[in-house]
Every structure is written in structure tokens, then in C-alpha cells.
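Scrolling down, you'll hit the structures one after another.
Presented sequentially are two complexes of subunit A, the first with subunit B as partner and the second with subunit C.
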Partner chain A sequence: MPNINDILIMLPELYLVVAACLLLLLDAFMKPEQRHWLHWLSVGALLMAIYLVVAGQPAQPVVAFGGMFVRDGVSEILKAFALLSTALVFVYAKPYLIDRKLFVGEFYTLMIFAVIGVMLLVSAGSLVTVYLGLELLTLSSYALVALNRDSQLSSEAAIKYFVLGALASGMLLYGMSMVYGATATLDLANLHTAAAHTGAPKLLLFGLIFMIVGIGFKLGAAPFHMWIPDVYQGSPTAVTIFIGSAPKLAAFGMAYRLLESGLGDLSHHWQQMLAVLAVLSLAIGNLVAIVQTNLKRLLAYSTISHMGYLLLGLVNAGPEGYASALFYAISYALMSTAAFGVILALARAGFECEEIDDLKGLNQRSPWMAFLMMLVMFSLAGVPPMFGFFAKLLVLQAAIHAGMMWLAIVGAVFAIIGLYYYLRVVKVMYFDKPVEGSELKMQADPSVRVVLSLNAISLLVLGLSWGPLLGWCKSVFPG
Partner chain B sequence: MIDSSMFQLVCFYAFAAVTVGAALGVITLRNTVHAVLSLVLTFFSTACIWLLAEAEFLAIALIVVYVGAVMVLFLFVVMMLDIKQEHLREGFIRYLPVGIIIALVMLGEMLALIGVRAMHMAVMGANPATVAGVSNTEWLGHALYTQFLLPFEIAALILTVGVVAAVALTLRHRGGVRHQSAAQQVAVKPSDRIRIVKMAAERPAQDKNQEPTP
Partner chain C sequence: MFNHLLSLLIWLPIVGAIPVLLAGSGRPNVARWTALLVAVLTFVFSLYLLSQYNAADSAKQLTESHMWIASLGVHYSLAVDGISIALILLTTFVGILVIVGAWEVIQNNPHQYMAAMLVLEGLMIGVFCATDALLFYVFFEAMLIPMFILIGIWGGPRRVYATIKFFIYTFLGSIFMLVGLIYLYLKAGTFDLQALAALPLSMKEQSWLFFAFLAAFAVKVPMVPVHTWLPDAHVEAPTGGSVVLAAVMLKIGGYGFLRFSLPIVPDASEAYAWVVIGLSLIAVLYIGYVALVQEDMKKLVAYSSVAHMGFVTLGIFIAFMLVRGAGNMDAAKLGMQGAMVQMISHGFVSGAMFSCIGVLYDRLHSRQIKDYGGVINVMPWFGFFYVFFAMANSGLPGTSGFVGEFQVVLASFQANPWIALFAAFTLIIGAAYTLWMVKRVMWGDIANPHVAEMKDINGREVFVLGAFAAAVLVLGVWPQPLIHLMDSSVTQLVQQLGNHKI
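On to the complex of A and B.
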């Protein structure tokens, strides 16, 4: 029977649900010109949720609602960074939304609901909560992608996302039903013990395969990556930046919950499957990114390759591997928000700044922006001493310690190949002549300027002192 | 002699075959109305399978909600759309052999590997509703509001998102649309409608044509 303790354990989620509903009501009674209040209230609501998450962090894992909801170190760190990256998205998106007449209350409410989905997903203690959290996240995302109704590209992206996402959810659910059939339990903790002595190991394995297909879709790992480039390019940049950040943390959380908490005993099976996904993602992501001319598409293929690196950490299937994958997911969320943040800051009404050529000569127009973009690109490429370098180093190390030296070598080779297209962006910014007639300049909004600078510089700072964050990541996976 | 579990198994396979056949019909029938009716059959036979699994409430809910309400609505929508049927099947025949081969290979693999017969009645325990001595509906209601309270509430949240998304994606404030405002209509004052103009009395203008000739 649920009691008050269950509610206290879930306080950050419940608080955010109430906040989202209040914001929804407030928006209905607000005049359009007062909407910037809604903006700052939404950012404040997310920051308050971060405080509740961090302040209420339990020393030991606790469960609520009969094991449906788990609050432990892994969920807390993922929630904190998912909320933080969404708050960043809100700040960066505001001028872009106003310019494109998309500055509506639903943008904020839907995104907060999506973050609630992320929080429930990473805290899931049962197959049912995994699925429902995922649906809450993806349904909100579909609507957000389609938010720009007058753009044909957006509608196309939304339909593709919806159809493929529904297919992936169906696969995941099919796998879950098989796992349930083989073990007769939905609870992940019980599943872990029941999986060890099931009467139907083959059925369990089939369920696992379907679940990995679902996880692959949500991560955007090859060969389940088809939706990523179109959705990244087609959706409004203010939504792309969100899809590139918090849902990636959620996908890591989902993979951890399902594969380690639930089916950890089958790790010798899923390690090999994940290794295949990792190699394919690294190859497709890095090689196809080379020929891209659209910046958003380039970042989409770079996402695929980054998910390959994340999988290298998961392949380890031990505390070290999970810690490195978690570290990688956090670093990717911060880098991706900063990269799209620059694109958002350079976009204006009637100008998207989507092509790489749009960045030509950015250094002459706006040296500070060019510098920030250079930091982000170096970090994405994994140039020392940036954040992204140490994240890559740790996952490669994890793969080596898992006895998969070949996988680490593949990862390192593709990191060098990937260097090309990241550095091409830097070259275009610094060494190409600006196109006549184009005016590349930074948005005047001071909040965007300050927060974006902090975000990009944090990539350098966290690269120089990565100890504390890694310590936090390691402390949540007791050996 | 057929015992009851054997009979159940035969029923299951029969209903499953109808379900799969009807589902195939949904995606292959040329006429969209037939496809929707085929979907109704899919739901109906699925409900029958659920009845076999002693999930009476879910089976009835599926028929009442999906067959009764959702599919009828769907049928209305399909009938209202003017769909050119020739274009729908472009490429279907071309991809059909590949699709059938993949489907057959997957089916064969799964049947061979899982071994449905071996795990028949192996893991699942007795029906909890029967054990508790209550009806299926009562047990389901109890479980939904105690054990599964959290998922139930998350589902409610998902529905909220559905409403918000539907409004965000379809509501448009167009300019120049005439609509009534009841509040304004009630609050109207006579002075808004009738303007009383004070005018000085004037002599009627004299018509030139009828001007009397001197």
C-alpha cells in the first residue's frame, strides 16, 4: 500500500508535475506579451528540481511504490544533469522561439513533461515504469518536433520520428513481454534473480534481443539510427538541442536499468550485441559525417558516433564501464547543448545558420562566438585537454579492461577520422573569407551570451579538472 | 477424448490464427474501409485470446472501447477521406517477396528456438484472482490502485501530454474569423446599439423639377 514515504521519495518528480500543471494553467491566463515571465518561471522550476534532487539524495538506494520507483546514486546524477541541460535549452531557445513565432507556453510545458519522463525512466524499478517513462518522454518529443506547423521539413521529421519511434516502442514492449513470459515478474530486482534460473532461457534471450533493438533505437545507435539525421535537421533547432541532450542521458539510464539491473546475468550475451552496435555506430557516424554540408546533419551523425563510444563503456558490463559510460553521457549532453546553443545564438529571423558555409569567417564577425564554437568542436572531437577527450579516454580504457582490445583500437581509429569534420568547422570559421552580404552576429540577449559562454568554458574547465565529476560517477556504481 | 486444457490450446491457436490473418488483411486489403473492418476483427479475436487467459475485464474493455468507440470513429474518418487507392500499393508487390521471406525466416527461427511447447504452463503461476477468490474485475481494480498506482498515474500524465500536444499542434488563432462572445452579448447596453442623434428641424429640400413656374 503506498504511503507518505513513497511520496517523499518521489518528491522531485511530484514537484515538477505540479509545477508543469501550474505553468500550463498560468499560460492559459497570461497575455502573450507577459510570456517572458513564464520563461523564467520554467527555468526556476527546473533549478528548484535540481536542488530537490541533489539535496534529497539518499545515502542508500531507496524504493517507492513497491519497487516501481528506485532512487539511487545513478538516477540522481542522471536527473541532475538532465534537468540542468533542459534549463540550458530554455535559456538558449528563447530568442530563437520569439523570432520564429514559436514562443508559446506549450513549448515549456511539453519539455518539462518530457523531463519528467526522463526522471521516471532513469528511476524505473519495473518494466512497466521503464515503458511508461519512455512513452512520456517520446510522446512529448514527437509533439515538440512538429511544433513548427508551417514547416514541411518539420512535419516530415515528426512523422518519421513518430513512426520509427512507435516501431521501436513496439519492439521494446514485445521484448518485455517475452522476458515477462520467461520469468513471470515485471520487477527489475526480482527479474535479476529470476533470470538466473528461468525455465525458458531461449525465450529470455529473444526478449533481450528485442529490448536491445528498442534501446538501440532510443540511443540512436547504428543500425537503428535512420531517424536521427532527418529529425535533427527537420525539427526547429530549439527542439533539436533538447533531443540531443536529456534524452541521451535517459537512454543511458534505460540501458543501465534494463541490461544491468534487470538482465545483468545475461551480460555475456548482450556484451557482444552492444559491441556490434558500437562498431557500426562508430563507422557509420564518423564516415557519413565527413560528407555533410548541413551543420545540424553533421551533428546528427556525430551523435551516432558518440553513442558508439557510450556503448564502448557499457560493453565493459562492470562498475568501471558503467561509470565511464555515465561520464560520457554527461559530457555528451553538455557538449551537444553548447554546440546547438551556438547555432541558436547565430540564428536570426529568416536565417537559420544551418549550413557549415554559414559559419564562414565567423572569427572576423564575432571572435568570441568563434572561440566558443572552437572549444565545443575540440571537445566533441576529443582533443586534449577538453572534457570530451577524457570521456573518450575512459570508455576506451573500459573497453580494454573488458578484454576487447580490438574494440578500443576501432574506437581510437574512428576518433582520428572524426577529427577531420570537427576541425573543418573550425577551419571554416577561422580561415575562410566571410560571404559578402551575410551578417553573422551574436544574439543581443545577455542571458544567452553569459550562459552559453559558461557552458562552453565548462567543457575546458571540466577537461582540466575532471576528477570530482568522475569521482561522483564512480561512487554511484559500488563494485 | 479431449480434456479442457487441450480444448483451450486448440481455441488459442484458432483465435491466434484469425488474429494474424486479420492483421495481415489490415495491411494488404485494397479498400481502406475493409482494412478498418479487418482491424476490428483483429481486436475482436485478441479479446477472445484474453478471455482464454482469464482476463475478462480487459477483453470486455477492448471490445467496448476499441471496437465500439475508437474503430467506429476511425471508420467515419476513413470514409470521409478521399483516398486514391491506386497509389497506395505502389512498391508493395516489389517488396512483398522480400518481406515474406524475412517474416517466414523469423517465424521459423522463433518457433524452433523458443520451443513454445516446452514452456507451456511452466513459469506462470495460478491466476491471482482465482487464488484471492474474487472476480477478475475486482482484482484488477484493487491491483491498479495499490500495486500499480504509480504506473496508473504516469499513464494519466501521458494522456495530459496528449491533450496539450493536440492543442499545441491544431489550435490556430486566425484573424477575421467571426464568432459569438456570449459575455459581450449579455453585457451589451442600449447605447452600444442605438445612437440618438439630435438634429435641428429642417425644411424639406425643394425639388427643382417640381418648382412651380412663376
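On to the complex of A and C.
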């Protein structure tokens, strides 16, 4: 029987479930013109959840519900940033949703449920919780992608996402069943001991491979990346921005839970597999991004390459490597929300601002937005002193430390190749003349302006002082 | 405040760029004057830095160190020696002149131009101060961003191609250095340059690291065969961009060799010194001939920069042959000193040459040599400066161009007379391409009716060219203060060359 202690440990999640239900009810009784209250209440609910997460952070890892749910440093930091990036998404999305007549309560409720999925997933103490959290996240995401029901592109993206996502979930579940068959336990902590005892029987390795496929799919690592470009492009930008942020943190959490908490003793097996995924992601992501003309698709391929870098950190399979991968995931979530935030801020009714050429001459029309986007692009490209550079530095260091110098060199080479397409965006904004009659203007909404500016500037500030965040990331992975 | 003099020098221009940027495109004069004020203040502080520096002491001075990233043990640590100070002074001096030089010339968003220049200046000073390898790398790379913008927005017709090529080329070189630095960090547990210099390394490790460093700095210098970005970048960059690029940024490559290759991988540097010396001679000879056939003035000066920078790398690496081969410390010191003097001198001369070409370009909007001819008839004052700088560029005694080249040739002669012979060819080729350009641009009859309408230089341009001319002349006639400033640092560097690490 769950006792009060279990409930207290899970308080942030439970609170958010209640909040989401209340928001859903509230929405039903609200007049459409009152809906901006719903917006701010949702943002407030997320901020409150961040407070509950951070304030209730336990000094030692604690488990609830018989080991199903773990609350430790890793889960707390991931939750805090997942909630934060979702709050950013809400702020950036509002004008976009209003312009497209998509400003509905479902958007908020679905997204909050997706975040609850993220929180469950990163706190998973058993294979069952991993799967539950993952499904809550993905099912909500499928619906969000299809939010714009009248758009053919959106529907196509949703179907693709659903079919491929279901396939990946199936693979993951199949892998889990094999692992269960080999060790007779679903609990990750017990799994760890069992795997250490049994060594590496074929059945366990067989299960591991399928789980890697599932993780690869959720991360969007090549060759399981096929869904990313279509979903990024097809979804309404207000949803793409979400898919590019919190779920990436969740995917890192899932990889950490399954591979380290569960199968850490098999690391010399999965290190090799992850190295292959990393190289493929770096190559496909960076090379294909070069030829893109659609900004959202470009960012989709850039995501794939960034997941390759994140994998460089995981390949290390030590506390230092996990810390660097976590740092990378956080930096990516912040960069990605800022990048899509700029697109959202420039889009308006009838103008999606999703082609690279749509940004032509942005510096003439709105120098501040161009400056913010430039910060984001240089950060994504990994040019110092931006945040993204230090994230890359740490994962390269993790790879070299793991004795994979070749992998670090591959990472370095693809950083150069990747640089080209980020520079191209800066080029279009700064060096090209604006198209006559284009409506390139900044959204007037002051909350978007302020928050987006803070988000993009934070990439520079965190680049100049990334010590505390790195310290936090390192502290949650005790050696 | 003066406990943090180096930080002040770095951050004053960078922070000063914010009010310049805020002045906006609507108030260009506010932006210009603010930028000038910041640049002058920075220069004044750099003079104060010079007065605080004790040239007799070879140790790094005015040290500042704060923990930057505690969990990695990375420090924000700055310090200077004589070599750094000379380069910092060059940077702040040129910093004023490019802002004055761009005064009315840049009409499109002058506030952004000035701000980018100031940020660039601060970052370059940072490169010369950093004593932590990661901090150095951050400044080294961050420099690319303002330069990318400068060339891309205010450049010529092929500016986009040139600026992307510039960025990617430089990034390509330096990222391998980054991998090398991470490797060193994992071995030494620190990015501190002094600790890295003391770290024992096997020959195999040193060789890999040597080539990683070479990739970064050879691109920056630039050395043959990775120099191809330079003519493009120079031709397309606005005048101020070319001046900064030639006067300061190229020096960072030479400076990098001093701070990284020599102390950290001395044995590999010795073993592969022939590579660098060979490439330097190719730069001096072959690039000299390439410069001869250029039809674009900026391209000609760009190629001549490559040739002159060949002397810098030659002077640095010939020191290895002298110290380790013959044990001839004096000659090694002479070569190293020559390389340093050549860096500073080339900073002034190339900056002046590009400023001259800028003056011509502002009037005729052409850089083609064939469009000019007989300019001296309509612009006598300008002609005076132009011919003077051309003489300096070809290494005429009495100008700064002569001092460094002479020292390097003298040192090379003691290592190997053949090297000296080839290096000395530059005096002929350099004179050939520079003077031939002068002949076609300045002398003769006015062939182009537009040339006849050109007005002589105004007060602002006289100021810029006059300042450069004074520097070139003083350094040429009386190089002693500069040599004295760097003397103890160079001596210490040469002594370090003898340390084996294996």
C-alpha cells in the first residue's frame, strides 16, 4: 500500500496531474476571450512545479512505490529543465496560436501531460515506469502534432510519428521482455545486480539491442531518425519547439536509466553500439542539413547531429561522461527553444517564417531579433564563447577520456561541416537585403520579447560562466 | 582598478561596444564618437600598462587569476610579457586608426561596424593576455565572429564567399588544436600553459600535438599551402577589416607558435622545424612571385603579407636549428627577435598599405591597378605616404620593414647560408612587386579621366596615414626600445628551446 511518504516523494508529479485536470475543467467553463488567463495559469502551474521539484530535492536518492519511482539528483535536474523549457514554449507559442486560431485549452493540457510523462520517465525505477512515462509523453505528443487538424502536412506528420513511434515502442517493449526473461526482474536496481551476476548471456544482449533501438528512436539518433525532419516540419511550430526541447531531456533520462541504472555492467557492449549511432548521427545530421532550404527541417537535421554529440558523452559510460551528456542535453534544450522561439516570434498569420530565405535582411528590419538568432546559431555551431561550445568541449573530452580519440576527431570534423549551415542562417539575416514587401517584424507581445531575449542572452551568459551548471551536473553523478 | 589592468584592457572595448550599438543607426555620430572615445581610452590604458611593465624581468607580469570553472579547474588567468605588450600596443594603436579610418566611409549601419571593431579589439587583446589554454582558445575563436560580420556586411561583391571561407578555414585549423588541448588537459589536469610546458610528453604525442597546433596557427599566419583564404578575405573585406586582419590577426598565428608549439612540444618542433622552414621559404619566394602578377592592389598586398609572415615563421623555427644544432644562443635570439620585430613592423606597414588602398578605393571604387596611373599628379600628399609605405614594404633600410628581415636573414645565415640566400631574395622580389605597383599606380600620365577628378587626402586621412608613417619610421630608425621591451622575454623563450621533454 502506498503510504504518505510515497505521495510526498511524488508530490511534483501529483500536483501537476491535479493542475492539468483543473486547467482542463477551467477551460470548459471559460469564454474564449478569457483564455489568456488559462495561458498564464498554465505557465504559473509549471513554475510552481519547478519550485516543488527544486525545493523538495532530497539529499540522498529516495524511492517510492516499492522502487517503481526514484527521486534523485539526475531526475531533479532533468525535471527542472524540462519544466522550464515547457514554460518557455508556452510563452513563445501564444501569439502564434492566436494567429492561427489554435489557441485552445487542449494545447496546454496535452503539453502538461506530456511533461508529466517526461517527469515519470526520468524518475523511473523500473522498466514498467519507463514504459509508462514514455507512452504518456509520446501519446500526448502525437495529439499535439495533429493539433492543426485542417493541415494536410500536420496530419501526415502525426501519422508518420505515430506509426514509427509505435514501432519503436514495440521494439523497446520487446527488448524489455527479453531482459525480463534473462533476469526475471523489472526493477532497475535489481536488474543491475542480476546483470552483474549473470554476466552477459545472449538473451540479455539480445534484449539490450532492442532497447538501444528504442532509445535511438526517442533520441532521434541515426539510423532511427527518419521521423524527425517530417515531424519537425509538419507540426505547427508551437509544437515543434516542444518536441525539440523537453523530450530530448527525457530521452537522455531514459538512456541513463536503462543503460546505466539497469544495464551498467554491460557498458562495454553498449558503448560500441552508441559509438556507431553517434557517428551515423553526426554524419547524416550534418551532411543532410547542408542542402536544406526549410529552416525547421534544417533545425531537425541539426537536432540529429546534436544527438550524435550527446551520445559522445554517453559513450564514456562514467560519471564524467554522463555529466557531460546531461550538460549537453540541457544546453541543447535551451538553444532549441531559443531558435524556434525566434521563428515563432517572427511568424504571423499567413507567414510561417519557416524558409531560410524568409529571414533575409532581418538585421535591417529587426536588428535585435537578428542579434538573438545569431547568438543561437553560433551557440548551436559551437563557437566560443557561446554555451554550445562548452557543451561540445565537455562531450569531446568525455570521448577522449574513454579512449576513443577517433570518435572525438569525427566529432570535431563534423563540427566544422555543421558550421557551414549555421553560418548560412547568419549570412541570410545579416548579409542579404530584405525582400521587398516582406512582413518580417518582431511580435509585439512584450512577454515574448523579454523572455526570448533572456533565453538567447542566457546562451552567452552561460557560456561565460558555465561553472555552476557544470558543477550541478557533476554533483548528481557521484563517482 | 589597476589591479585588474589586463581585464580592463580586454573588457573595456567589449563593454564599450554596447553603448555604441545602442546609439543605433539613427545617431551615427554618437556611435562614432563613443567608439573613438573607447578606443582612445583603451590605447591610453595600454600605454599605462607599458609604464607598469618591468622589462628587465623575464617573468610574466601583472598576473591575474580567478577560478573560472571550479569543477574543471579552469582559470581565468591573464599575464603579459614583453612580447604580449608589444602586440597589445599594436592592437590598441591600430584600433584607433581603423575607427578614424572608417569615419565617413562606412555609411551603412556605422554603429554596428564600430561595435564589431571594438569587440574584435578586446578579443584580440585577450588572446595576447591569456595564460590558460582554454581561455586562449575562447578568445582565439570568438574573434572570428566579429570579423565574419565585418567582412560579410561591409565587404565587396564576393564578400559572402570570402567571409564563409575565412570562418570555416580558420575554424577547421583550430578545432584540431582543441582536440589536442583536451588531450593535454586529460594528461596534465589543467589548461595552464606553464604547467603544460612542464608536462613530459613522448615523441609520438608531441608529433601529433605539433601538427594539431600547426594546423591552427599555420592557417592563421597564414602559411603556404593554407593561405588561400587570405587573398579572398582581404580583397572583400572593408578597409578597416583588412587593416585589422593584416596588422593584428595574422600575428596571432605567430604568437600561437611561441606560446604553444615551442614550449609544449619542443622536441617535435625541432624534429619538424624543416617543414615550417621549408614552407616559410616557399612563402617568401613563391608567394613573392605570385604577388608580382596580381592585378588587384589588395590582392597584391595580401600576398605580400603571406611572404612577409614567412619571415616570422622562419625566424621562430630557425632558432631551433641554431639552439639545438650548433648551440648558438645569440644567433637564435637574433632570429627570434627578428621574427618579433617583423611581426610588429608588418603590423604597421601592412595596415598602412591597406589604409592607402582604402583611400584610393573610396575615390574611384576600384582596386584594379590598371584603372589608376598618374595619381601623384592629383594627390601629391597621398603620393608621399604611398611611396613611403611601399618602400617600407619592400624593406628599405631606415624603415621598420628592414630591421626584422635583416635580423632573420642574419640569423639564418649562421644556421645555413642557403636558407639565408633564399630568404634574402625577398628583398629583390619584394621591391619588384611593390615598386612595380607604385610605378603603375602613381607615376606616369593620367590615363583614366576619373583619376583626374580625385581629391587629395583630407585631414582625417592624413592623421591615419601620418600615424602609421611615424610608427614605421621610428621603428625603422630606432628599434631599440622595442627590442629592449621584448629582450628578456625572447631570451627566456630561446633558453626554453633547449629543454628536452623526452
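As a working rule, the second predicted complex is superposed on the first by the 477 of 479 C-alpha atoms of A that agree within 3 Å, B and C clash if a C-alpha of one lies under 4 Å from a C-alpha of the other, contacts with A are read in each partner's own complex, and residues count from 1 in each chain.
In this text, contacts are C-beta pairs under 8 Å (C-beta built on N, C-alpha and C of every residue); 3 or more make two chains touch, one makes a residue touch a chain.
Remember, it's a predicted structure, so these values are computed and weren't measured experimentally.
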Should A:Pro385 be classified as contacting the first partner (subunit B), the second (subunit C), both, or neither?
-> second
When the two structures are overlaid on chain A, which partner does A:Leu139 contact: first (subunit B), second (subunit C), both, or neither?
-> first
Based on the superposed arrangement, let me know which partner A:Phe206 touches: subunit B (first), subunit C (second), both, or neither?
-> first
Contacts of A:Phe113 with subunit B and subunit C, given as first, second, both or neither = first
After superposition on the shared chain, which partner residues are touched by A:Tyr430: those of subunit B (first), subunit C (second), both, or neither?
-> second
Partner, of subunit C and subunit B, that touches more residues belonging to subunit A | B
Just subunit B (first), just subunit C (second), both, or neither: which does A:Thr183 touch?
-> first
Would you check which partner chain A:Leu24 touches, where first means subunit B only, second means subunit C only, and both and neither mean what they say?
-> first
Which of the residues in subunit B end up touching subunit A in this complex?
-> 110, 113-115, 118-119, 122-125, 146-151, 154-155, 157-158, 160-162, 164-165, 167-169
Touching subunit B in the complex: which residues of subunit A?
-> 1-2, 17, 21, 24, 64-66, 68-69, 104, 106, 109-110, 113, 116, 120, 126, 128-129, 132-133, 135-136, 139-140, 142-143, 146-147, 149, 181-184, 198-200, 202-203, 205-206
Can you list the subunit A residues touching subunit C in their complex?
-> 363, 367, 378, 383-385, 389, 393, 396-397, 400-401, 405, 408-409, 412-413, 415-416, 419-420, 423-424, 426-427, 430-431, 465-467, 470-471, 474
State the interface residues of subunit C toward subunit A in the complex, per the touch definition above.
-> 67-72, 109, 112, 134, 137-138, 141-142, 144-145, 148-149, 152-153, 159-160, 163-164, 167-168, 171-172, 175-176, 178-179, 182-183, 185-186
